[in-house]
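Below are structures written as structure tokens.
Here come two complexes built around chain A, the first alongside chain B, the second alongside chain C.
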Partner chain A sequence: MKLTIERSTLLSALGHVQNVVERRNTIPILSNVLMTAADGLLAFTATDLDLAILERAPVSIGQGGATTTPAHTLYDIVRKLPEGAQVELALTKDQSRLTLTAGRSSFTLPVLPREDFPMMPDDDLPHRFKVSAEDLRRLVDKTRFAISTEETRYYLNGIYLHAAKSNGIAMLRAVATDGHRLAQVESPLPEGAAGMPGVIIPRKAIAELRRLIDQADGAIEVSLSDTRIRFGFGNTVLTSKLIDGTFPDYQRVIPTDNDKVLEVDRKRFKDAVDRVSTISTEKSRSIKLSLGHDKLQLSANSPDSGSASEELDVTFPGDTIEIGFNSRYLMDIADQVDGDVAALAFSDAVSPTVIRDLADERALYVLMPMRV
Partner chain B sequence: MAIRRLPEGTVNRIAAGEVIERPASAVKELVENALDAGATRIDVQIGGAGRDLIAVTDDGHGMDRGDLLLAIERHATSKLPDDDLLQIDSFGFRGEALPSIAAVSRLSITTRASGATEAWSLAVDAGRVDEPRPAAHGQGTRVEVRDLFYATPARLKFLKTDRHESSLIADTLKRLAMAHAGVSLTLIEDGRRVFTFPAQPGALLDGRRARLAEILGRAVADNALAIDLERDGVRLSGFAGLPTLNRANSLAQYLFVNGRPVKDRLLVGALRAAYHDLIAHNRHPVVALFLDLPADMVDVNVHPAKAEVRFRDTSLVRGLIVGGLRHALERAANRASTSIADQALAALQPGLPPRLAFGSFPEVRSPIRLNEPLAEWQSPIAGTPFVPGARVAEDAPVPEDIQHPLGAAVGQLHDTYVVAQSDRGIVIVDQHAAHERLVYERMKRQLADRGVARQILLIPEVVELAPEEVQRLAARAPELAELGLSLEAFGPGAVVVREAPALLGDTDLQGLVRDLADDLAAFEEGLSLRDRLDAVCSTMACHGSVRAGRRLTAAEMNALLREMERTPHSGQCNHGRPTYVELGLGDIERLFGRR
Partner chain C sequence: MRILCRDCGRDDLETPPGGPCPHCGAARLIRHPELATLSIAHLDCDAFYATIEKRDNPALANEPVLVGGRERGVVMACCYIARRFGVRSAMPMKRALDLCPQGVIVKPDMGKYRDVSRQVKALMEEVTPAIEPLSLDEAFLDLTGTQALSGLYPAQLLVDLQRRIEREIGITVSVGLSFNKFLAKIASDLEKPRGFAVLGRTDAIDFLTDKPVKILWGVGPALDARLARDGIMRVGELRAVPESELVARYGRIGHRLARFALAQDDRRVSSEHESKSISAETTFLDDLRDAEPLLDRLWPLCERVSRQLKDHGLAARTITLKMKTSAFRIRTRSRTPANPVHLASDLFALVESLVRKEATGERFRLIGIGTKELAPLDTAAPDLFDTAGRKSAKVEATMDALRERFGRDAVMKGRSLKVEKKR
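And then the complex of A and B:
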């Protein structure tokens, strides 16, 4: 293998793939990136066995071939090369080393045989559809905060993506929950997605996907089976295993008859929650909402650091209610509301509260109160 | 195959297998018989780790000829006057011990009843009884067991090494000796005297304390708190070691119910709960506790060797132990055990590498800054050589401060240790450990005052368990709810968790509930939940406290000392390590060879 490639092209490709490579590995070859040169393209592949990324970049090939070399080291070298450098990569004659030359710098890197590199099956996945980068970004961004980090409930460690009917309209729906709160966001169901199974996309895949969406424009090709999902962004393809578990029947916990609806300016609400919660020092950061007619009082107290309260003008036709929440959870949800007004629908102090963005009827959040 | 009755000899050998498990259990049965006979002096001789010979001689009230013959019959006893199993005041009552021993060994009994003029001797060989013969013997009984287990070779094979078996015998005797301070007890092994505990005169508690000191050593007795309290006819007495006096195993926990040594999980659980968060998980406190309660409140007839008992009112007993110990430990509040000072002194003995000697602390950096006021580096203790590496408090100690138990701060060493002078000696405080404990105690107080905030679960967590585990958890649900975990039975084989402590965040509830079920089974105490809450508090306390390496002013140091005096349990950190060491003037004088 012998080829020449633009430094910036190489850097951007490695930048994508190196995120997938874990810093510490018990299987040495998983620290490596597989590079395959053929037909004027250099293909980079990296994997952690659950997640694989493939990226292609144009190069001028002197001699085709393939090898694997440590991904992080290679990335660090290329990052430090001067801009505009031409990088030459070549395997030594005995195929035991990779040499990298750029201007007057040269490096020799260890390689491992490409035959040993674990490949994710490259077969066709039965369900395929296209979704716009903007829709996918929204589905991920507005739900990922609620993903559980508790690994014993592995089936909550991801975003549940499935086709669903909402008011009779077919939707692509993303749901995440950690058992305390839940986020549900929809976008119109793309063509071809109608028969898709419900799948749970793991947290790490979500993080990579999110990074790639930022650099994508236009449509992203999604294809999936019961066990794998693949996102195609032109030259980059991300494939992930899915979480093998059953997502809980979340619709049962979303109340439909919470009739006490509070409407509040999102920004002022969030800032007030933030201010008042300064006083609650304990880790649970509880805050109390006291509602009266068109009035909301937020309060917190701690024997150690005193007490705080703040009143807000709101629209609330109902009776008085007192309800406690984890202030961090409230702010997380307030952050997801894009419109000016957030609507909180209550039932009572121990039942789930539904929070909506008045400007976005396709997003919904459920939050469970605290007993304080 | 037809069913047939087993011959008497076989029945006795089977029974012997349960009661007489090893030489130590034979010793226990015989010594308890002697105690039941009102002996004041008991001599135990063993040979070949009890295999060849066990001889127990007492000065109790003895037996006459008729009793002697009955004694080796099964289910013959003098100890159940009205056949009432609810009123068991003696150690034995089943009449099983002697026949069991007789069934598996060569036994001989020589006895003279009090007031009688003649003594009788009886020999039994693996259950075959000879005629009683007149003999010569003082008042009391001597029981000799030779070739124990020769009739059950299988049991003989399963005995451990001689050393192990004799240490078990010694341990058994020590436990009995603790409970019976008024009885003189001697153990002679292969003609060599292993120990003699002379009868301790004096009131029950004093006598026991003296006996305890003899058995466990001075260090334990000096660092144990006397416990004596009574509630609803149940009396708890004995000694509880300070948390800083701890061991790697639970062997140094001696528990007695009505003078009977027991290993009961309820009691062990109560101990763990009482010492909870004063001691690290893998360490065990040293205690000797005596629980005395009316015979009808406890059932001792649940275990062949009576090592376990059952209480009629378990919550009363548990409450008494946890409450009593907790209270005593609270009063001892900030005492750290003197054995720590002893260890520190041992490390300071001359002859060790010179870098450990006084006056030559390794110099980390020179703290002397010439532009600081003179007092900053002036030594306040007359005659003490200036110690490089030490920071000296700005002000000389105020005389009144010295009178405080932890004294007045005179300086800080290595920006980590506060040195204080009290009227009794020198106190060295680990500032991080001490402050961490103070912050931790404050957080715990807050938690107790306000209750644990509970996050209601959107998706209740169903945990599948065995039916008895479900029952156990459900029975303790109100208590768990107070700690923030609300759960209820969900069918016979599962519990559902509806609310969890908000403090724990997104946590592994399955694991927590399973651990709780295990705790309840093992100790009848749900310790795991409290442990996890405390672990969170402890981590937060660690982050919220003064670190080692932070310089403190004299005012800060004194404030730390005063708060330590006020705060309960400030003598040890969350892991049972001491937060301070006190060196008495006497100790220091000893160090310099003045004493």
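And then the complex of A and C:
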């Protein structure tokens, strides 16, 4: 293998693939990136066995071939090369080393045989559809904050993507929850997605997907089976295993008859929560909402750091109610509201509260209160 | 050399070694060159439970008293008469009775002991606010700076406190006075009962040199055995080993061993001592084999632990089931639920399946439940998906409210009745 590639092209491709490579690996070859040169293209593949990324970039090939070399080392070298450099990559004659030359710098890197590199099965992913980058970004951004990090509940460690009917209209719905809060966001169901199974996309794949969406424009090709999902962005393809588990029946915990509805200016609400929560204890972060007719008082108490309270003018026709929340969770949700007004619908102090964005009927959040 | 009389409290004494107090004639004099400057104390009640029982029943005064659960439990406390027969606390009651057949067994009354403990603490609080209770019957006191307020130096205040506890509460305590916690604790044990011992900067290192290593806090039987295997029997021998070597060999405790060996301990007396675990266990009158009767015994323990968690506003992240076989083999099984728990029904539900798994024909003599990694209850945000749990939380809150108004037995689960009937 011998080829020449533009430093910026190489850097951008490695930038994508090196994210997938874990810094510490017990299996040496997983630290490596597979590079395959053929037909004027260099293909980079990296995997952690759950997630694989493939990226293609144009190169001028002297001699085709393939090898694997440590991804992070290669990335660090390329990062430090001067802009505009031409990078030459070549395997030594005995195929035992990779040499990298750019200007007057040269490096030799260890390699491992390409045959040992684990490849994700390339079999059929029967369900295929296209979704706009904008829709996919929204589905991910407005739900990912609620993904659980608790490993014992592995089936909550991702976003549940599925087809669902909302008021009779077919939707592509994303749901994430950690058991304390839940986010549900929808966009119109793309053509071809109607028969798709519900799938749980793991957190790490979501993080990679999100990075790639930012550099994508137009439509993203999604294909999936019961066990794998693939996102195609032109020259980049991200394939991930799906979480093998059953997402809980989340609709059961979304209250439908919460009739005490508070409407509040989103920005002022969030700022007030932020201010008052300065006092709440580090561990619980709890703050109390005391509601009266068209009035909301936020307060926090902590044995160590004192107390705080703030009043807000709101729309609330209901009776008095006192309810506690984790302030962090409240702010996370307030961050998702794009419109000016957030609506919080309560039942009582111990039951889940529903939060909506009045400007976006396709997003809904549920938050469990705390004891106060 | 400063000399302080423990009976009249005067310290302007001129008396030869061994002589009585020239003012009151009492023989209990404390002599120590640093007496007026040491301010960290450890106060330990003498045979606490047994002493209280003797106080409340003078007929027991000259009897060997064993506090504990009937024949099959362990000795929770024994008086000094019983100790002469070789009885020690934590010994199985059966063995205690073998050693001391005339021993009088008294059923423990924890409520009473807690009350007395509170009275003792109230008197301590008149001396200093810096109190770190270790259990119902012992505590560290930091008296640094109290002299400015009271005009008396710490040793004088402590002698006074000791007399007041005897006079006003009717139990005796032993005091250890030093310049750090671990030495104060060692000192309180030196002259028990009714003791007052002092370890100062000038004598602590020499004092420790010949002592067995297990005198040091943190050296239990296992570490003691390892140290012995490595040829370290006495505290002085620890000083020959570099700290880094101690850490390499024994882990983190190595740092502490090195410092303790040089009489150093920089732990502060902290009044905000958090309870690290709450547990309850019971030994059966007859060994049990089947899951159902075992679970019947387990339920009240869950309620007891839950009550304590609720009293302290805590929830537990780790729940441990403990079972002792009739061959005295202890089995523990732990579970870590997704969310911290504090309800009796949750505790029970978590260990129920574990009990069923263990109950496969073997006989058990003890069952217990323990909770660890306690966190304030309000961090235990309830779970959206636990709709059944929300219901049982409401049920238990209602039961607790009833109990608060009408007493502990006002309302109970059927499972507790099953055991009541069998008693």
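In this text, the second predicted complex is superposed on the first by the 371 of 372 C-alpha atoms of A that agree within 3 Å, B and C clash if a C-alpha of one lies under 4 Å from a C-alpha of the other, contacts with A are read in each partner's own complex, and residues count from 1 in each chain.
One rule holds in what follows: a residue touches a chain if its C-beta (ideal position, glycine included) is under 8 Å from a C-beta of that chain, and two chains touch if they have at least 3 such contacts.
Just so it is clear, the structure is predicted and the values come from calculations on it, not from any experiment.
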- Based on the superposed arrangement around chain A, label chain B with chain C as either clash or fit. clash
- Message: Tell me the contact category for A:Pro110 with respect to chain B and chain C: first, second, both or neither.
- Response: neither
- Message: According to the stated criteria, A:Val253 is in contact with first (chain B), second (chain C), both, or neither; which is it?
- Response: both
- Query: Which of the two partners, first being chain B and second being chain C, lies in contact with A:Thr149: first, second, both, or neither?
  - Reply: first
- After superposition on the shared chain, which partner residues are touched by A:Pro118: those of chain B (first), chain C (second), both, or neither? neither
- Between chain B and chain C, pick out the one touching the greater number of residues of chain A. B
- Query: Of the partners chain B and chain C, which touch A:Pro28 in the superposed model: first, second, both, neither?
  - Reply: neither
- Among 42-50, 78-86 or 204-212, which stretch of chain B shows C-alpha clashes with chain C in the combined arrangement? 204-212
- Mind sorting out which residues of chain A both chain B and chain C touch, each in its own complex? 150, 152-153, 177, 179-182, 248, 253, 283-284, 286, 324, 326, 350, 352, 366, 368-372
- Query: Can you list the residues on chain B that touch chain A in the complex?
  - Reply: 442, 446, 449-450, 453-459, 461, 499, 501-503, 505-508, 510-511, 536, 540
- Message: For the complex, give me every residue of chain C touching chain A.
- Response: 336, 338-339, 375-379, 381-387, 390, 393-394
- Message: Looking at the complex, which residues from chain A come into contact with chain C?
- Response: 150, 152-153, 177, 179-182, 248, 252-253, 281, 283-284, 286, 324, 326, 350-352, 366, 368-372
- Hey, which residues of chain A end up touching chain B in the complex? 148-153, 177-182, 248, 250, 253, 282-284, 286, 302-304, 324, 326, 350, 352, 366-372
